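Each chain carries a letter (A, B, C and D) given by its place in the written order, and its residues are counted from 1.
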Amino acid sequence: MSGAQQPAGAALEWRDVTIGYRRGDGGELVAVDGVSLSVPRGGTVGLAGESGCGKSTMAMSVLRLLPRSARITGSILVGGEDVATMSWGRLRAVRWTEAAIVFQGAMHSLNPVRTVRRQIREALELHSSPATRTPAQRDARVAELLALVDLPAARAEAYPHELSGGQKQRVMIAMALACDPEVIIADEPTTALDVVVQAQVLDVLSGLVRDRGLTLVMISHDLSVLAAVCERIVVMRHGRIVEEGPSEQILGSPRHEHTRELAAAFPVIGDPGSRRVVGRAAVTRLRARESGAPEEDGGPAAGVPAAPDGAAATHAEDTATPLLEVRDLVVDFRSRGQHVRAVDHVSLRCRAGEIVALVGQSGSGKTTLARTVLGLQRPTSGQVLHRGVPLPTARAALKAYRRAVQFVLQDPSASLNPKHTVYEAVAEGLRIHRLPGDERERVAAALTQAELTPPEQFFARIPQELSGGQRQRVVIAGALALEPSFLVADEPVASLDASVRGEILALLLRLQRELGLGALVITHDLGLAWNIADRVVVMHQGRLVEDGPVEQVLLDPQHDYTRTLLDVVPSRLGARL
Amino acid sequence: MGSAPRSGRAAVAAQRRARAAEVWREFAATRSGLVGLVLLAAVFAVALLAPVLVPLETLDVTRLTAASNEPPSAAHLLGTDPSGRDVLGMLVWGARVSLLVGFAATAVSMVIGTLVGMAAGHFTGLTQAVIMRVVDFFLVVPSLVLAIVLSSVLSRGLWTIVIAIGVTSWASTARVVRSQTLSIEARPYIERARALGGGDGHILGRHVLPAVLPLVLANTTLTVGSAVIAESTLSFLGLGDPTQFSWGSMLKSALDTGAATAGFWWFVLPPGLAIVVVVLCFTLVGRALESVLNPTLRGR
Amino acid sequence: MSVTETAAALEEERPRGSTLPRYLALKGGGALVSLAMVVVLGFFSFRVLPGDPAINMTRGRRVSAEEVERLRAEMGLDDPLPLQFLSYLGDLFRGDLGVSYVYRREVTELIAERLAPTLLLTGTAALISVVLGLWLGQKSAWRRGSLFDKTQTGLALVFWSVPTFWLGLILLLVFAGGLGWFPTGGMVTPGTDPTGLARVLDVAHHLVLPVLTMVAVVYAQYLMVMRASVLEEMTSDYLTTARAKGLREDLVRTRHAVPNALLPTVTLIFLTIGGLVGGAVTVETVFSWPGLGYLTFQGLSAPDLPLLQGTFVVFSSIVIVMNFVAELVYRVLDPRLKAS
Amino acid sequence: MSRTPSTPRWRRAAAVCVAALLSVGTLSLGTARPSAAEVAGENVKVALTSDIDTFNPFLAILATSTGILRFQYEPLVAWGTDNEPVPGLASEWSATPDATTWTFTIPEDRLWSDGQPITAEDVVWTFEQIQQNEALQAANGGLVENVEAITAPDPQTVEIQLASPQASNPGAEVPVVPKHVWQDVDPAEYANDTDTVGSGPFTIASYTSGQSVELKANPHFWRGAPKVPGLTYVVYRNTDAAVQGLRTGEIDVLSGLTPAQFQSLEGQPGITTSSGAGRRYTAMAINPGALDKDGNPLGDGHPALQDPVLRTAIFTAIDKNQLLETVLQGLGEPGKTEMPTVYPMYHGFAPGTEEVTFDPAAANAMLDEAGYERGPDGIRLDEDGEPLRFRLMGRNSDPTHQQMADFIQPWLADIGIDVEVSMVTPNQVNDDSTLGRYDLYFTGWGIGPDPDFQLSINTCASRPAADGSGATSENNWCSPEFDELYAAQHAELDPQRRAELVKEAFSVLYEASVNNPIWYADTLEAYRSDRFTGFTKQPEETGVITGQNGYWGLYTAEPVATAEGGAAAGGEPGGLPAGAWVGIAAAVVVVGALAVYLVSRRRGAADERE
């Protein structure tokens, strides 16, 4: 941070930059609005914000990689030189040697039909230095780069599809380092990755920054991820910077309301203040903390009042037969002639009115388990019981069961037919089950329960006219219209922006409280479990490895795997590094 | 979305109208598509009004006054054919038959293609394997050769041509519909519909078919064009129905009577150009529709 | 297949990687099933015909009733249908496609004579139209909205809308008749028997107009498919990566966008072979090119059913085999399909 | 956007293609068509626009093949330029007065093209092969049917014993093959298309299926070797292309022109057109109630058509002259009996025959009188109250059929008869007409110089079996009166008397109103008179050059010695068409430009990158 104070020494600087995109109708969409930001040499800065806040546009503007429709004013300086005035030749020379980008979604950022070696070597050939004159030297450099990101040299011969997601992201990092750039810009480098893999990639990245004194600009919607790697965090909203400061301060005592919303989405596990406190309540709590007011006094100011440990307590242990029970369930898949056991002798009970969080990495079999519970997937062996009765196998007989147990999917934009209006989407279940009574009233009631009021205003809307949170509410309303006794929610907030996430979780909690609606919530996010669940079930490679009340499992994990999961929660990463 | 519609169904209807208006607006913004549509509308109007515009009696060879192969003149804007009939009048009547064959064949093709394509995308296992083999077969077999076989096997006539073209051209539609069906069925809202308790019929009828239809519509316009060409090709090969005026049979008769070498361009060019223009219009409209209805194809 | 249909089909999923034997078995099996269907269709569609093949065989010739009877027995026409089918299969395996009604010769022999000219014509046309179509397609996509793009897609669509035979006829009238640049028909100048280079040049001279006709009508689909495919790839993230690395724009296109865009195009190219081969029927007829298509047309006039059945089976088999080859080529081209 | 041109790889590929195309294109200018100077040694190139089945003379039945074989094999007796019998292999011949034994003399100067003498042995062998081997009867079996025995008393004499008296010369038409070549091969399988041995002016040197046939002059031809080195038949699938070929000089002789093509070639420099009286009649036939050979009804003809009055009324309603003028542009003769005008001896009606002439009013009157009342829709009803609604069948391979139908439909509507037209394949016409599955159909036969065969197919004995097999009948019609006349002419040796009997027989057929010839179409031909001359027509004044009952047309062809026409031979393409077609090319460009304009769409630029 030594040179941080002199602007001249800044590795990267945006000076009053405004970037707009021409729209088809002649108007302009302003993505970045008068931003000034300076990143000192060796500095690590995190750029946070929700989707559409302009953070990726900022990243792309550094190497003039924006589409032609983009109009830039202000100046962007890389190593003190304005990229806007560079000639094409100069710009090409600057690209990758002065600044390199680790792109979002390595899956698509690597050319699928070229080997890793050729892709890395291409950068070396374009910007050849004395050390990489000959092909042999270049190959040696490729091996060296792969070693830097903990990949064996032999992986150079691999095609992207032969690599796992984490490996690909590491290849991207190796490629970014190829020409020893001053600045590395990492645009959501871990977004699509599994939590454990995310931790590995962040490890590699922060290790490199530390060892090689790189200047890093990292972009993420996840404050805790940024905090794990960066010294400072800049929070953006609607193209403007709303807050800037050291990571601990941004995460711990945010000043701006928006930062609070972001921060509230990533609770600290073990912090009793965030236990079953979500949405507005959580934001209020953070505001209170920042202003020094007592935390308990979050109050029912706005949104959902917390119901600390209420639900768990009212539902006494094993009062009757569990609402849902899974007995020794096995699900096998056949793919390319190979058998894969997705669910491996799992037994699970969910009581009425109880929220159970099913936690695990991607590929742990948790989604398959959910689908089997819903009768969408036929088990290889074992049983699913509803109120003690085994699930029928015949489709017609399943219909009644499906009414009782409803499904909320991960991506609300995809789980609504884009052509159906809100009314049709909610009424779909009613029509399938031919429920008696006035359809319109039922639809209105369900929408009201899902807090879409007044319901009439939403009837004619189609999903693309709704925000992400509203869409998820429509999905929930569609489920509620059938008056189910239980919900299975698969990553219900994973694809939502942080500020919306809390509201949906709050809705689930309210439904539990007011309707006694239990839920099996599937998630990779332990923080979410801490937020809302009564009980946590940890799944690993198709098996349940731990099962118990939230506090017990998360604060005193018994199984190694649970501990690993807890270790890689981003909010703890920073502490670990 | 100004005022709250009175009922759910009204809301739905209003939404449909709004969406149709939206599609129309986007379509109208595509210049090529619009020009194609206008031209097609003109051709349709002419075809429909043929009995009024050109009374059939004026094409009765026994009541003609014009000589054979007269060059264009004020009385006969496009001259006369070897029997002395007005070429323009024949062209007008030809539009009827050519478009009829085009649309009828396309209807056959679309119905088969849509049903087979949806079935191939929806069902799994053996059913799908069998359907896909059939689709692959029809996709791969040279359709003109198959159409030749069919039309030489079946008795001559307009409907034979329709069937021959329809039966040989559905496979690509089926393929497109299948791929769309697969992509629709992979979407979570299908999973949601299943979780809500919907069966095959519900999913195919409420979700897949409406999603597939726009594509089928766009495809239809493209296939009509191909069918018009196919009709002329079959006519050229002597598999057409010479008792009907179609652009194909006009060309065939022009070639048979040697109009091309004799320099009677007014009998050789107009039917061919009519085919080119109409097919081009269908293609332009189809492409425009496709890019409007299927945003993933936009810009193609 | 229409231009945009093919473009839409680009989205079709590809099979994931599998081992070579399994892949071969899968694709080969599929091709065999298609071949079997051709064979069955070839048999039954020509059996439902009205009319007695024995009468057809002897049409216009002087034969006694006994001769017809004998012929009928020889052709197995009095046998039950399944038995007829079996003997048809047996004959097919021996390469016996029956005897032409008109030419009184083995259909196999007739087809064998005409196969090479057709392969020469369609092969040349396919090669040129693919190269031309792909090249113009990627260029159009890259310069989307430019005058070049508009001109090229516009021209391609116009040609695509022209009936092949009509275009062929006009080209013939203009370039062979009117301007006299090219011969009016055939494959070699009759009455001459050039050898070596002279022969090659003579055939090439005759080849120009038929090939031009075929290319004009079919290149559009390759152009449109390639254009669509490149446009699809143009928004790909790896192109941004390539640009960020400092690659020149034309290298971004040729090294990254085009190879990727080519992959889905390859399958479609081979799928269109059927159409191309079908086009041979009309082009060969217009230009009197002594190929299979011309033979088909000759078979049509009577119609000569064994001949038609034979050309149908051979045409279809060629296309099916080409498609099988395409699948193998695709596998070689796309690393994602190789055994993992 | 980068201005850098495309990469070398793409460019190279394109360049190669363009270069290939260009080189071929420029090459075309280099390989000039043969100039007049070389013509002396050149074959006459004849366009071949229809199919060849085989060159085996025992099997060949398609007109093109038999036409070419006429150059190769002389029969014993040939047809002269006026379709009279002239010496072929035989220099003279005679028949016994009862017309049962015919004797032919083969002079010693007759040689095969390989120099071997032609002897009576060859003739006997050929005839016996046909008689003994059923497979060899396909083409000429009928010609030897009446031959009881054929002997060669000495190498120069052939004697033919007939089973029954026969006026037509039994030595005509049968191609005689060289025994020394054919005895070593299986005659039923022999392709006979490479370096063949023959007796006529030309022999087949080679045949490339679908491309060309080469004939070379026979130096040993007894009338003297031809003045051209040979003939080259060039396959054209498309007559328009063939016409272009004639214009550019790629071919020298072209037959089978359409009236429009013919007229467009008239007066072209270097080209002479010839409209020769055809050997073919074209007629409309009416199903008179077809019967099989046992007299049982055959097929599904409309019963009302069994009434001769109705049939006559139908023919009365058809204006042959109008059809001839419009469809054939007047290039033909209106039809009378089945014998066309080229055979003046047999052409025309017998005295007293009542000719049906176009008169719709009379036709209506006939029908009114016969009691065919008009129904409410104007269509007359037969005695069962069924409307007179007939099918009219034609060949889809012959464009004139549809053109005629376009006229006949309204004409018959005028007399209250409804017609439904269908154009089907030639084979189906054959099948349906043989089996009596028609009401009206277009028919037509090419007629040889001897009328015997054409009469024979109208005899009662010629009717087919119930399944359509057996003999060929023209109309499934049967009349004892006709059969008697047929028998009488068959044995009548006096040509004049025979001609009268023949005319009488055809007139009987005509008056039965089952088959009414509409026209005898001219054969329209054109040739490059700047390169070849001396084509002898058959008949000499009004006849045809190709498709003769002989070899005169091309046999007598000789090159134009002087170079006068040479320059023009390069193919003056002819004013109007060339200009027109180049204009068309321009029009295409205009359409293209229009489309380009249309395709220019909105610029979707949101994601366009630098």
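Rule of thumb we're sticking to: contacts are C-beta pairs under 8 Å (C-beta built on N, C-alpha and C of every residue); 3 or more make two chains touch, one makes a residue touch a chain.
On a predicted model such as this, the values are computed, not experimentally measured, just so you know.
**Student:** By the contact definition above, name the pair with the higher C-beta contact count: A-C or B-C.
**Tutor:** If we tally the C-beta pairs in contact for A-C and B-C, the bigger total goes to B-C.
**Student:** With chain centres defined as mean CA positions, report which chain is farthest from subunit C.
**Tutor:** Centroid comparison gives A as the farthest chain from subunit C.
**Student:** Between subunit A and subunit D, tell me the centre distance in angstrom, where each centre is the average of that chain's C-alpha atoms.
**Tutor:** It comes to 83 Å between the two C-alpha centres.
**Student:** Just the number, please: Cα centre separation of subunit A and subunit C in whole Å.
**Tutor:** About 50 Å separates the centre of subunit A from that of subunit C.
**Student:** Approximately how many whole Å separate the CA-defined centres of subunit B and subunit C?
**Tutor:** 23
**Student:** As a quick test, compute the distance in whole Å between the mean CA positions of subunit B and subunit D.
**Tutor:** The answer is 41 Å.
**Student:** Among the residues of subunit B, pick out those that touch two or more other chains and give their numbers.
**Tutor:** Within subunit B, the residues that touch at least two other chains are 152, 238, 255, 260-261, 276-277, 280, 284, 299.
**Student:** List, in ascending order, every residue of subunit C touching at least 2 other chains.
**Tutor:** Touching at least two other chains: 144, 157-158, 169-170, 173, 177, 240, 243, 248, 285, 297, 301, 303.
**Student:** Specify, in ascending order, the residues of subunit D that touch 2 or more different other chains.
**Tutor:** 2, 238, 240, 243-244, 397, 425, 577, 581, 584, 591, 595, 598-602, 604-605, 607-610
**Student:** Which bits of subunit C are touching subunit A when the two form their complex?
**Tutor:** Against subunit A, subunit C makes touches at 16-18, 22, 236-238, 240-248, 255-256, 259-260, 263, 333-336, 340.
**Student:** Would you mind writing out the residues of subunit A in touch with subunit C in their complex?
**Tutor:** 60, 63, 65, 91-97, 100-101, 103-105, 108-115, 122-123, 126-127, 159, 161-162, 172, 175, 336-337
**Student:** Name, in rising order, each residue of subunit D that touches subunit B in their complex.
**Tutor:** 238-240, 243-244, 257-261, 263-264, 322, 326-327, 329, 396-397, 399, 402-403, 405-407, 410-411, 414, 421-425, 576-577, 580-581, 583-584, 587, 591, 595, 598-602, 604
**Student:** Touching subunit C in the complex: which residues of subunit B?
**Tutor:** 133-134, 136-137, 139-146, 148-150, 152-153, 172-173, 175-176, 179-180, 182-183, 215, 218-219, 222-223, 225-226, 229, 232-233, 236-239, 251, 255, 260-261, 268, 272, 275-277, 279-280, 283-284, 286-287, 290, 294, 296-297, 299-300
**Student:** Please output the residues of subunit A touching subunit B within their complex, sorted ascending.
**Tutor:** Contact set of subunit A toward subunit B: 371, 374, 376, 395, 398-399, 402-403, 406-407, 409-411, 414-417, 419, 421, 423-424, 427-429, 432-433, 439-440, 443, 454, 456-457, 459-462, 465, 475, 478-479, 482.
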